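Letters A, B, C and D mark the chains in the order given here, with residues in each chain numbered from 1 onward.
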Amino acid sequence: MKYFKSDNTAAVSREILQAIDRANSGVALAYGADRWSESLDRAFGDFFGKEVRVFAVASGTAANALALATFCPPWGTVLTHAEAHIERDECGAPEFFTGGAKLSLVGGAGAKISPADLTARLAWFEPHVHGVQPRMLSLTQATERGAIYTPQETGALAKIAHEHGMAVHVDGARFANALVAQDVDAADLTWKAGVDVLSFGVIKNGGMNAEAVVFFDPTRVADFEFRRKRAGQLLCKGRYAAVQLLAYLESGMWKRNAERANGLAKRVAAAAPQWLSEPSATNQVFMKLGRERIAALSKEFGFYPWGPAGSGEARFVCSWDTPDEDVDALCAALGKLK
Amino acid sequence: MKYFKSDNTAAVSREILQAIDRANSGVALAYGADRWSESLDRAFGDFFGKEVRVFAVASGTAANALALATFCPPWGTVLTHAEAHIERDECGAPEFFTGGAKLSLVGGAGAKISPADLTARLAWFEPHVHGVQPRMLSLTQATERGAIYTPQETGALAKIAHEHGMAVHVDGARFANALVAQDVDAADLTWKAGVDVLSFGVIKNGGMNAEAVVFFDPTRVADFEFRRKRAGQLLCKGRYAAVQLLAYLESGMWKRNAERANGLAKRVAAAAPQWLSEPSATNQVFMKLGRERIAALSKEFGFYPWGPAGSGEARFVCSWDTPDEDVDALCAALGKLK
Amino acid sequence: MKYFKSDNTAAVSREILQAIDRANSGVALAYGADRWSESLDRAFGDFFGKEVRVFAVASGTAANALALATFCPPWGTVLTHAEAHIERDECGAPEFFTGGAKLSLVGGAGAKISPADLTARLAWFEPHVHGVQPRMLSLTQATERGAIYTPQETGALAKIAHEHGMAVHVDGARFANALVAQDVDAADLTWKAGVDVLSFGVIKNGGMNAEAVVFFDPTRVADFEFRRKRAGQLLCKGRYAAVQLLAYLESGMWKRNAERANGLAKRVAAAAPQWLSEPSATNQVFMKLGRERIAALSKEFGFYPWGPAGSGEARFVCSWDTPDEDVDALCAALGKLK
Amino acid sequence: MKYFKSDNTAAVSREILQAIDRANSGVALAYGADRWSESLDRAFGDFFGKEVRVFAVASGTAANALALATFCPPWGTVLTHAEAHIERDECGAPEFFTGGAKLSLVGGAGAKISPADLTARLAWFEPHVHGVQPRMLSLTQATERGAIYTPQETGALAKIAHEHGMAVHVDGARFANALVAQDVDAADLTWKAGVDVLSFGVIKNGGMNAEAVVFFDPTRVADFEFRRKRAGQLLCKGRYAAVQLLAYLESGMWKRNAERANGLAKRVAAAAPQWLSEPSATNQVFMKLGRERIAALSKEFGFYPWGPAGSGEARFVCSWDTPDEDVDALCAALGKLK
């Protein structure tokens, strides 16, 4: 079976394992008091060209939920796309971590939020105690349908959010893929566009089990560290998480891996453009194949049907280590479908 | 100013005050161990023609949230209409009481859920740990737009819910108005149609500060009583809540008051049928008047604009004690609008 | 049976019912926008000689839990006595409302906390993310064993609390009894002594179903109003709660009722001083009677055994409306015990 | 500086890194659907001689909190020692994960709970809605003061717990140390003694970032998997956690590492038996050295003062990889103290 199910099925990049090996010697203070953890702020600060605060956690779900809980009170709501990972794939983690805040959903093609739709959704809220109050906007970059927000698009949405007193979160589980897809600077796609906090994904793009939460205003971290500890996300041997985040940036693997994954996806998309249900911008390809073609492909390839049951859509994900020959085979098979 | 803002602005029926006075003598054990509280099960059992368990709480929000928390785990979701009170007017109480469960929204005219829309929404959920699991359906009877579900409609929705392992809740803040509007039996509109738990509203229809939560299967009350205590909703001097609920049923005021309120609304609707944005079934009237007519009417009448900001819609609510002359004046004013 | 179980078994004072009757006419805006609710700040401000913010809720448990949740974050802890109501009698309401904060217990005779014990307990906490952080001190006035804190004692404890960055809460379910017991000014026993927020009990002392939460610094109410709504404690027809609180202060019944209850308890205590297990300062009397005397008295009198199972201690509570002849009978029975 | 601060400061055993390397090839399904994760139940079943269900999580705090949340409802309480990790070192994680349950504390020398103290504490609870209900007993094995429970002691406590309807949890962050300290069978120290769920620690004893939660009754896992996902503890690339747990058992490193750590601690304890404040059974040594000796030792050795501020007690922890020469140096320094 050749797998295009998820970039989470990929192995870990050699750079990560080597960094772990190098750190595996002697004593290092626990719970993030080691020298690797203590250098995270600087390393990510260099990457983003700005003083930041950075914290490691064990999963993307934890990164998102803790970031949201830092800015959204229990009586608040997070505006996000109806197909966002935080809404559909985290079993209510944001609600758990925030103490019962709401997610308020916005539609939009490509799992992208438009300024008009955001403004329309906001019109439903009133500043009184009867309803929850919009306190965060959460964007997914790249989106759950592989699309990207440009710096300009991000900035337009962030402007609306800030005007309404909301903080802006980006779920960047595939942030590297979004960066290389549009060849922009990390700063332009984040804090310069108004992003307040970023879940900077590492795992899907070659990491093992560490993600970064990046706060772009070092004075607005609030009680994040208490919440992280309380969630069992302050890792005992912090060095093994920190070195993953450091290697990710410093080896350049964030870029190499994302470029390869995006490139493979481009080939898949080009193999059967007539079926594409989304323009393919990053490392995911969506095709409206119908039930029978999906069944036929499923004999040789592992991938997920997408959308509500019976929609006839399929998702193919390329990862940093998807074998070239698997992509060749998929392209060939897609080309032969009729 | 003549008020059509809400049935919560009404006074308390004489029957309620008299019942409180009669109970106000000597010792009664606290926290629901008094004889009035202890007779609630029987009184509501008679009303519904079935053995039930009934609990008093201090507000409709508490009734709804505690009912939902009894059946919906933190990792569950409650399917409900996008305009439901539990979604829009309770500041996240369901999320708070359930420990962070989700509300998953369904659309539909008249703030009513249709079987087709419910089924379509359910198709998005999958039985795995990544997403929350649908565990409850919550209907509003009468709906937030004054519409009603018939026993047949309720039964069709409950059947779908039960087939998906969900319990069925009815937010009956205006349940009496829904009952008299269609002249059906309380049993037919609840347990015979598959309703598992009902927030039986008293306050809006002449009560003071007690609502009933009615469980139609006495064996499925789970930990409701612990949750009620923990929420500060087990009232210290329980007799003063219990007698309100008893008087509500036994004096027949539930019916008299609802009939009067519905009747007044019918007159308002008839005064300007051309503006109606909803058919008026109970004690609420919705009209698409536009911004200018709303401004004109607002000089003499108190009422709420409805829908998102700028929609030009208005809601008029008649209550059990709205003066006839206020209705006369509103009808006249509506008739003169052009 | 003559009852000395609880002051919650008492009826409601005539002044309260009359105030309700007077308010029961015509329209009043819902959810606290009525003129009675809007005058609460002023009335309580007059009482305490200071600008305050005051909110009505439906139970003492709700008053305490909401007050604590306003100042104590989920990762905080509330220092309180091991026998406090919030620890032993509210089924975890503080933990629920705070989103999982802790209560950290302090011992002490008479259910009173001493400065030395408070300081010793605080020595266990360290300012790091591994442990919860002390953020509130909650005192009970009068205590669960009928004792009182003087203004000086309150001030000494509040000073320690404030030096540790903690806010000071007083659970005043029997605050009126504590006031009249020592004939001090309400200001001296609260904000002048450093109290930040008071649950001002009304129900046990002649009220029906409304308690007041009083914030002594109007600028530090934080998100109380959102939390109250979300807890189902913002009452729909707010006037019926507000008038109870107003009548309580303005009629002087808070004083009359507390004086009578305290006086009756003094008689009970004097009837068998040899059994007293606590000095009786307010309206509760504790006696170490042993199992057999308890059994004998239980035939004629309703009261609770106290302490852990088998302790042989009993509690007698006098309320504002305990009949004189019931007290006579209890005194006589106690006098005859051997 | 020679470190005796914590076994969390240790590096990762070679066996763990090798297992990770071996698994790092090709595709493995995400979120625990890989073959390593799927073999956990069998491997731990072999180890314990019983069918079990086993789940990997990223930290000991998460293991404990998720285990407790599975059996303890929000209105329940967990009885545990006042010095337990779940009480003092997890920033309220149990309260967070359970939705606000309480921890009710029991004293006892060596941070051990005795049957008599447990029974006395239980006598405070009553089966009514006013107080939280005891639903779990959580023991720490080895305790926070290095002591161990024998199978008989565990059994006696578990019997009391079960008679009161409570489930039994063991926080086994140092479970391997407790096993080798008394040379008993893992089965005897767990399910045969009545333990229902075990947090089986790996990290402190040579692991990297995976702990196991072991349920001894496969039918009583309840909603653990939903809660784990929702807490961000279902690891994306599950194989890297699973292979740590497998290597831990199958390589025998659990035993080798614990034996070495315990042996080193024995040497430290023997170097200055006169200062011992606890008998040293496992890999922790507690000494009442006083402030000045602590200051003197602190120049060369890293270790934590213990107990409340100013207690003059110190804790020395030996880990699986503490260098022999560091132990030599500490023993020599202790021997020279006067």
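For this structure, a couple of remarks:
Rule of thumb we're sticking to: contacts are C-beta pairs under 8 Å (C-beta built on N, C-alpha and C of every residue); 3 or more make two chains touch, one makes a residue touch a chain.
Please read these numbers as outputs of a predicted model, since none were measured by experiment.
Common neighbours of chain B and chain D under the contact rule above are A, C.
When chain centres are defined as mean Cα coordinates, D lies farthest from chain B. The distance from the centre of chain B to the centre of chain C, each centre being the mean of the chain's C-alpha atoms, comes to 33 Å. Between the CA-based centres of chain A and chain C the separation comes to 50 Å, rounded to the whole angstrom.
Look at where the CA atoms of chain C average out and do the same for chain D: the two points lie 41 Å apart. Chain D has residues 31, 74-75, 90-92, 96, 99-100, 129-130, 226, 229-230, 234 in contact with two or more other chains.
A complete topology is adopted by the chain contact network, contact being made between every pair of chains.
The touching residues of chain B, when paired with chain C in their complex, are 3, 5-6, 8-12, 17, 20-21, 24-31, 57-63, 65-66, 90-93, 96, 203-204, 208-209, 226, 229-237, 240-241. Of all the residues in chain A, the ones that touch chain B in their complex are 74-75, 77, 88-92, 95-96, 98-103, 105, 120, 123-124, 129-132, 308-310.
Across the interface of their complex, chain A is touched by residues 31, 73-75, 99-100, 129-130, 133, 223, 225-230, 234 of chain C.
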